[in-house]
Structures are given as C-alpha cells and as structure tokens.
Amino acid sequence: MAVVSSRGQRIGNLLAIAAVIVVTFIMLAPIYWIVSTSFKPRNLATTNPPTILFEPEVSPFVKLFTKRVQLKPKEVVDYENAPWFERLVFDGGERITRSGKGEIQLSGYPDRFINSLIVAITSTLLAVSMGTITAYGFSRFKVKGEADLLFFVLSTRMLPPIVVAIPMFLMYRAAGLNDSHLGLIILYTAFNVSFAVWLMKGFIDEIPKEYEEAALVDGYTRIQAFFKIVLPEAATGIAATAVFCFITAWNEYAFALIMTNRRAQTAPPFIPSQIGSGLPDWTVIAAGTFLFLLPVAIFTFLLRNHLLRGMSFGAIRK
Amino acid sequence: MITTLDPHSRAAYRGWSDITIRNLFVIPTILFLIVFNIFPLLYSLGYSFTDFRASTKDPVNFVGLRNYMELLSDPNIWSNFTITAQYVIVSVSGQVIVGFGLALLLNRSFPLKGLITTLLLLPMMLSMAVVGLFWKLLYDPNFGIINYSLGLGKLEWLGDPNIALYAVALTDIWMWSPFVMLLSLAGLSAVPKHLYEAASIDRASRLYTFFRITLPLVAPILLIAIIFRTMEAFKTFDLAYVMSGQPTTEVVSIRLYKMAFQEWQTGKSCALAYIVLIMVLCITNVYVKYLNKAKER
Amino acid sequence: MRTATKGMLAGLGLMLASSTSVLAQELTIFWAEWDPANYLQELANQYEAETGVKVTVETTPWGDFQTKAFTEFNAQGSAYDMIVGDSQWLGAASEAGHYVDLTDFVKENGVLDKMAPATMKFYAEYPGNSGKYWSIPAEGDAVGWAYRKDWFEDPTEMANFKAKYGYDLAVPKDWKQLTDIAEFFHRPDQNRYGVAIYTDNSYDAMAMGFENALFSYGGELGDMSTYKVDGFINGPKAVAALDAYKKLYSFTPPGWAKTFFVENNQAITENLAAMSMNYFAFFPALINEASNPNAANTGFFANPAGPDGDQFAALGGQGISIVNYSQNKDEAFKFLKWFIQDDTQQKWADLGGYTCSAAVLESEAFRNATPYNEAFYQTMFKVKDFWAVPEYAELLTQLNQRVYPAIVGGEGTSQETLDALAADWKATFAKYGRGS
C-alpha cells in the first residue's frame, strides 16, 4: 500500500530521526563513559576536567581477574622475569597475590561470572517455561477466580525484597538451599514467573483458538497442539519474556548478597566491592561492569526483532 | 473461553483431558508462588506483632499492635513515605514522558532502526548498584562529566538536600525510560495504519489524531508499563542508597533496610514492610481497575 | 528443554555435593573486602604451608559487611569459622552467643601481655572491665589525618598564613589550628578546598568523624557504665565539638555530603583538600605513587588535641573471633594460637597488617616503616569508641538522624541537636532496660 507522503511529512520524519539520534547520544553517554573508563589508565579515571581522549590500556581487565595488594614503599619486585600482565599490575603500584605454592591467585570475578551465567540462564528457562504453560492454562481454560489469581500472581512482584529477606533466609537455611545455585535459581524463577505469566497471557490470548481446534480435528492431542501450534506462534512473546527475565535475574543484587557466600555468589554484589583499598579503582569497576553487560546486550540484540512484537501484554486491540 | 470438545472425539480419547492439562499447567505455578511468597509473608506477619530481634536470643514477646502504632505515629516514617511518593511521581512521570516520547519518534522506518532501538535499551540492562555508583561519579562536582559537559560549574547534584532526590530520580529515569519506550513502541506499532489514513483524509489536526486515535489505543499497554514502573519505584532501594545519604532521599525501603539489617528490629521492620505492602497493593489495585476499563473501551 | 533443565539441575547437585565433602581440613575467615584481608590471606597461606590446613579469607564489600555477618549469625550458619568483626559488634555478638568465649584462651596464652592494652579493651573485652574476652585483636586502626606537605611548606603560603593568623603554618597542634588551616586553604575559586571529613550517614562513618572532635574536645558519648547520657552528649564540650565539626564542614569541597574513606582519600589524590581525615588502614593508597600522584607530598598526623589539651581519636579496627556455630572450633583455636605468636605478628606487620602486638608496635622498625606508622603508634594509645551495646545500631541511627541535618543542612543549633539526641538515646536505653 503506497502512502503518499507530503513534503511536510518528509520534513517531520527527518526532524524526528534527527531527534532520535540526539537522544540516543545523550542516553548512551553514561554507557560510553563506563566503557571508556574500562580502558583508561587508573590515574585518568577521575581528573578535573574529565579525560576524554587517552591511550587505551587492557590493565583494568588484568586487574579485574587477579587478586592484588598494593606495593609497600621500597618493596622489591621481580619486574624483569614477570609475565606481561603482571608487569601491568606492577605499573599500577600493585602486585598479584600468590598462593602458598606460588600460583597466581584469581579474583572472585571469573567464578562469580560463571555463577551468574548458570543462575540467570537456568532461572530464565524455568520462568519462561512455567510462565508460558500457566499463561496458556489461564488463556484457554476456565479457571475459577481467574482475575483474582492473576492479581495474586502480579502481587508477588510488589514486595520489597527486604520484606521477605529474613523469613526466606531462615527457610533456605532450614532447607539447605543457602549459598547454592539451586537456591538462587528457585528464587529468581519465583521473581520472574509473575512477569512471564502476564506477558505470555497477553500474547497467547492473541493467538486465534481456531488454529488449535483445527489441529485437534486433525488428530493432535491438546498437548501436541500446544507444542506444535501454540509454541511456535508464541515464539516472539517467549523471546521478549526471556529477555526481560534474563535482565532481571542477571542483575539481581539484594538476595544474591544475603543468600550466597563463596560458592554460589553472582557478580553484581562483587563488582562494586573493588573499592576496598581506600581508593576506588574506577577502571576495574568499569571493566567488570562492561564485561558483565556484554552477555545481556548480545542476548537482547539477537532477539531484538521479537522484542517489539512480543511486548503486547494482550493490551493491544486488534 | 472454555473450549468444549465432543467427549467422543478422537482427540479427547488420546492424551489428557482439558481439566488435567489446565490443572497441570496452572496449579504448580500457583503453588510455587504460594510457597515462595505467601509463606514468608505469613512468617513476617507473625513477627510484625512481636518484639522479635533476629540478632539476639532474647525471648520473643507478643506486643499486639504496638509496632504499627509506633510506626504510624513516627513523623520520620511519614517523611519517608512523603519522599517515596515524591520519588515515584517524579521518576515514573519522567519515564513515561521520555519513554513515550522516544517511542513516538522511533515509530517510523529508518535505517539502523533495530540497532538504535537495542542501543537505547542498554541502560536497563545494567545492575542498579553499579548504575548508582557510576552516576555518583558522573554527578561529581569536581571530576564528573555532567557538570563539565553542561557547563554547570560546581552544581552539587547529590550534595544539595533540595535537589538530591531529583538527581536520583533522574538516574532512574535514564535507566528505565527504555522500558516504557519498548512497551509504547509495541503499542504504537500495532495501531492500524488505516486509522491514520482515514484521519489524514479527514484533515484532522495532528493533535486531534494523537489524542483521539493514538493515545486511546496505546493507553492499555502504557498503563501496564506504568504499573510495573510504579511498583519498582515504590520499592526502590539500591539507587538512592548508593547515591545519597541525604535525609531528603531516605525513601521508605532505606529506612526498612536500616531497621531490619542494621538495627535488627526484626518485628518492627516486618510491621513497616506490611504497611508498604498494603500501600503498593492499593495503588496497584487502582491501576489494574483502570487497566481493565481501558481494555474494555 | 525439560530434560536439559533436569540435567543441569542434576549437575548442580553434583557440584554442591562435591564441594561440601572437602571441608575437613579447611578454615574460613570472614572479613570485609580490602587490602588487609588480602594480607591476611597471604599470612594464612604461610599457615597452610606449615600445617596443611587451608585457610580461606572470604570477603564482602564494606557497606554490606555488618548485614552479611549478622544475617549469617542469626541463622546460626556455619559458613564461617572465624570472623574479623567490628569492635561495636562485641555486645550484640557476645550477648546473643554468636562468639565463642575466649576468656580462658586469653588467660592461658598470655594474650593480655602480648597485645597493646587499648586494643584488648576495645577489640576484645565485653562488657567493659568485665575481664571477659571474645576476640583477639587483629587489625588495629583509628582515625588520623593526611595533609599536603607541598601546600604547607610553600614559602608564600607560609608567609601569608603567618600574616593572617600570627603563628607558623605547620601540622596543627589543636583543633583551633586545624580549623584555621582549613579556612586558610579553602579557595573555591581555585578549585582548592580546606579539609575533607566524613559525612556518610548510611552507617558509622559520620559518627566516627564527629567523635574525633568530640573526644579531643573532652566530650563523651555518655557514661559507659551507667548509660547516663544527659550532660555528656549534650554537655558544653560536646556542643563545642559539634560546632567545630560543622565549621570544618563549611571548608569541604563541593558535594561533600556522603563521604567516607574513598572520597577522603580522593581529596588528597585529586588535589581537592589541604587535609583529610581517614582511617590509617586506608593510608597505604596515599603513599603509593601509582594511586596517588601526590604521594611524595603527602604527610600524616595524629588527630590533634582539643582546647583543653585532651587528645583522642575514634577507633576503627577489628578483632578476630571464633564463630559459635563453626564445626571446626578446635582447628580455629589452633589457628589463633599460631596467630598470636610474636613472629606471626611480626610477619603480619611485614605483610601490611596493622598488628596490635605491643612488642611489634613499639619497635623502631615498625614505627619507621611508613610515613604514617609513627602517627598510628601514637594514636593507638589514645583511642575511644562508640557504644558497643547490642542496640548500638539504633543509637547510631538516632545520631545520624539528628546530627547529619545539623552538619550538612545547617539545621538548628548544636545545643538543640544534641539535646534531642540525648533524649533519643535516653529513651532507647530505657527501652532496653539499661541504667536506671
């Protein structure tokens, strides 16, 4: 369908696009600042006036992955025989700590990053699957007190996490779920299920029932129809839901802090902790933040085409 | 809604019945949510009537409504609630204006649209605690980029008690406008083109088109965005806690955190948590009512 | 999808199972995330080399340290065998039975003779003067001051200062001089400010900062044995001390409203302030050329005396305690026994830990090891601390609520502020049945 666009409309369009570009730059400026800080030498992170042009370094990333302490005055280090990355640390006035056997000690970051991946991916899978089938149940069958139940589902998201932190902690302690991946996975699934149900309900409502009925007539069972007809139709909604669940689980802070210790702790409580030696190393915090942003940004970018269509909540009139 | 099948059809013989499927699909999730939400809630409710302190082994005494009375008669708590309300209003309306505005601008086709939309979503993919930390650096009057690039001199964003709350809200707006944008965009892209064409044939003014066609059609999904953002803003903690110590930015979650985890007044903090919960429930209920109305129209 | 999930869960289960089975010869010490914890890990590595017992120092950011520790205690968790806990926790942790009573251990091993007396009193004993001990002093710490030697020694500045105030510009001997110097260097038009102080009210930072003024002015928080506060925290000396702290705040850099050790160190590294208060534990960053471009020009001094010659400083630092819920208490006792040995304490100091061992502290080698060790040594014999009662955090909140708006917002007079605080504290003590 050809829409004849007048000159006025074309100019309006151009202005709008120009405005989008300007706003995008403003919105991205803080992100640029984080990314650029993660490549700065430490002494350029906080300067007056702020440093915008500089020679990028990888030392923040080396520091991010190693456990370090500051060099003491007159402390002698074996600079000549040190590997390149350790020299970068020496240049920053620090040394990498070593175990009793002399091995280089890693910081808590890599382990926590892996924990974050395990917990966020698993809990997203669970929340999206549960959300999808429950939404299907609400959408296609008569459920007693449906409106109330849906409000209840939503209300579980209204609690400030602090409200339930103490009872949850005691409950987890009793069940042996403290400091375990499983414990966090269950918790994040519980957070996200409500959102997933709401989003998916809106989406599945829009899939015409006739599609399944035709399949039933063709001899599919309802379960088969669900998997073969409804799920593919709902793929877009599932993708959008997954992005949101992943973002929430990936960045959760309060419970990760309280419920986990060394074994299962995720990265968000760890990244800001680089501040402990009396001066913040902004470059390391920025490096940790930047690396941590990558998986979620890539995931979102891959699913970007589904995002828009998936965010309907059933609230868009056909 | 229910699809009644002929009980003798082939489909009904093979596989599970609809009732089984419904139960199987709905009940586990509801049970799961009950165990992980209702159970801790009941636990807290019980504590809220006691003088329980999780940090000691002192005997726990039932104190009736004392915690609630103390809290509701404490002017500091009321000021926490006023601040929270201010924060919610400023940050949610800011997010709606920026997010919806952006969506209106983006709702046309142009090169690299997908990439730009994804880039705009980046702020909400960060962790709140880290965002707070970095914005503190950005706002810094001495070496922050914001004052420098805007030529604001030594404006004390977080140091001035009168603007600190707005500075925190601005960060929240930056972080979460993309969420509103995304939902609005989804709504806008579903507005049938023929409605606009009809309007342009009728030579309707831009404003008229916007208020009579666009807004009513996008309203339901915008309301959903507002519901979620209001709930999140009401319980906001990380940002304000990391960024500012001003009494003028002590939102109720911060008070709650201090009461529960620094002072270990477990019973009293549970009571405060309940007061918060009831407020959020009421507000959300009102929203959901509007939402259902908007959907029906 | 479902089977994949199941497989993943099973895998997780296995991981959990395998990681719990190796705990026999392991000890875990919990502390905050900072350099001393890394030094302690290095010290513990030597213990592992000697005994084969692996000791892990686990850390969490400072802001969450208290929350995390007490959440674990309250659930009677055995994740940590030992904890290097703040001095204010002694009351709460000992009364609730979270810490193992170390009184016998202290007596049998002559710990009282090994550690500096002030450190035993503040890091280990509760209630005050009871002779009951709950910790072994591990990391001594107190608040001191860093200053810009180059600014102080600049001939023009010195001449101008002398002309204005009538005495030589040098390290301040009392709070009056401290205030003068802060005023002198406070030049907002040159992006140069007088002084950096603590103002963060989210936990104990601002209280510790104010205490430096309070204690040196001869004021007290209250009577630590009768819990009487009227006439102490709102007495004339305390009022004068708050006035002095408020005055200092007027000479701080812009935006100085939520500042703690990080900001105060930055005040020196970023050329913002002439003087900056901070815990000694954070001074190593200031003598490190890589993190402080002004390292060569940074000097240190102990908290100066007040108008009446009293000179005290606010205590920081931590003692190491055994957690009552630990399943490796015997091993933990063995570690402590090793930790208090003189040569271990010497190694601890060499690594960068602030030992509390009297012998090491008094040695010339220690006092000359860094530019600030001498000030640290002097300070450790004149420290005072906040309330250590179990409800200290409530007292702290009340102090923050009253004093913060007075300092940062300039609200009310100091007398009004402290009268209100005294009333709050009185009510709190009454609520917990302390005093009469």
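For reference, chains read A, B and C in written order, and residue numbers begin at 1 within each chain.
The working rule: a contact is a pair of C-beta atoms (placed from the backbone, for glycine too) under 8 Å apart; a residue touches a chain by one contact, two chains touch by 3 or more.
By chain, with names taken from UniProt: A = Sugar ABC transporter permease; B = ABC transporter permease; C = ABC transporter substrate-binding protein.
Note that the structure is a prediction, hence the values are computed from the model and not measured.
Undergrad: Chain contact topology under the given definition, line, ring, star, complete or other?
TA: Looks like everything touches everything, fully connected.
Undergrad: Where are there more C-beta contacts: A-C or B-C?
TA: Taking the two pairs in turn, the one with more contacts turns out to be A-C.
Undergrad: Comparing centres built from CA atoms, which chain ends up most distant from subunit A?
TA: It is C whose centre lies farthest from that of subunit A.
Undergrad: Please report how many Å separate the Cα centroid of subunit A from that of subunit B, as a whole number.
TA: Measuring from centre to centre gives 17 Å for this pair.
Undergrad: Round to the nearest whole Å and give the separation of the Cα centres of subunit B and subunit C.
TA: One centre to the other, that is 37 Å.
Undergrad: Can you pull out the residues of subunit B that are in contact with at least two other chains?
TA: Only 54, 140, 142-143, 261 qualify.
Undergrad: List, in ascending order, every residue of subunit C touching at least 2 other chains.
TA: Those would be 67, 71, 191, 270.
Undergrad: Listing for subunit A: what residues touch at least two other chains?
TA: Correct list: 46-48, 166, 170, 269, 272.
Undergrad: Give the list of subunit B residues in touch with subunit A in this complex.
TA: Residues in contact with subunit A: 1-3, 5, 9-11, 14-16, 18-19, 21-22, 24-26, 28-30, 32-33, 36-37, 39-41, 43-44, 47, 54, 102, 104-106, 108, 110, 114-130, 133-135, 137-138, 140, 142-145, 148-149, 174, 177-178, 182-183, 185-187, 189-190, 193, 197, 217, 220-221, 223-224, 227-228, 231, 234-235, 237-238, 242, 253, 256-257, 260-261, 266, 269-270, 273-274, 276-277, 280-281, 284-285, 288, 291, 294-295.
Undergrad: Any idea which subunit C residues touch subunit A in the complex?
TA: Going through subunit C, the ones touching subunit A are 1-2, 4-5, 8-9, 12-13, 15-16, 19, 28, 32-35, 37-39, 41-42, 45-46, 48-49, 56, 58-62, 64, 67-68, 71-72, 75-77, 79, 191, 261-262, 265-266, 269-271, 278, 281-293, 352, 369-370.
Undergrad: Give every residue of subunit A touching subunit C within the complex, in rising order.
TA: Against subunit C, the touching part of subunit A is residues 42-43, 46-48, 67-73, 91-94, 97-100, 105, 118, 122, 125-126, 129, 166, 169-170, 173, 178-182, 185, 257-258, 261-263, 269, 272-281.
Undergrad: Could you list, by residue number, the parts of subunit B that touch subunit C in their complex?
TA: Residues of subunit B touching subunit C: 54-57, 76, 139-143, 154, 156-161, 164, 241, 243-247, 258, 261-265.
Undergrad: For subunit C, which residues count as touching subunit B in their complex?
TA: Touch residues, subunit C against subunit B: 66-67, 70-71, 73-74, 92, 95-97, 188, 191, 199-203, 253-258, 270, 272, 390-391, 393-394, 396-397, 401, 404-405, 408-409.
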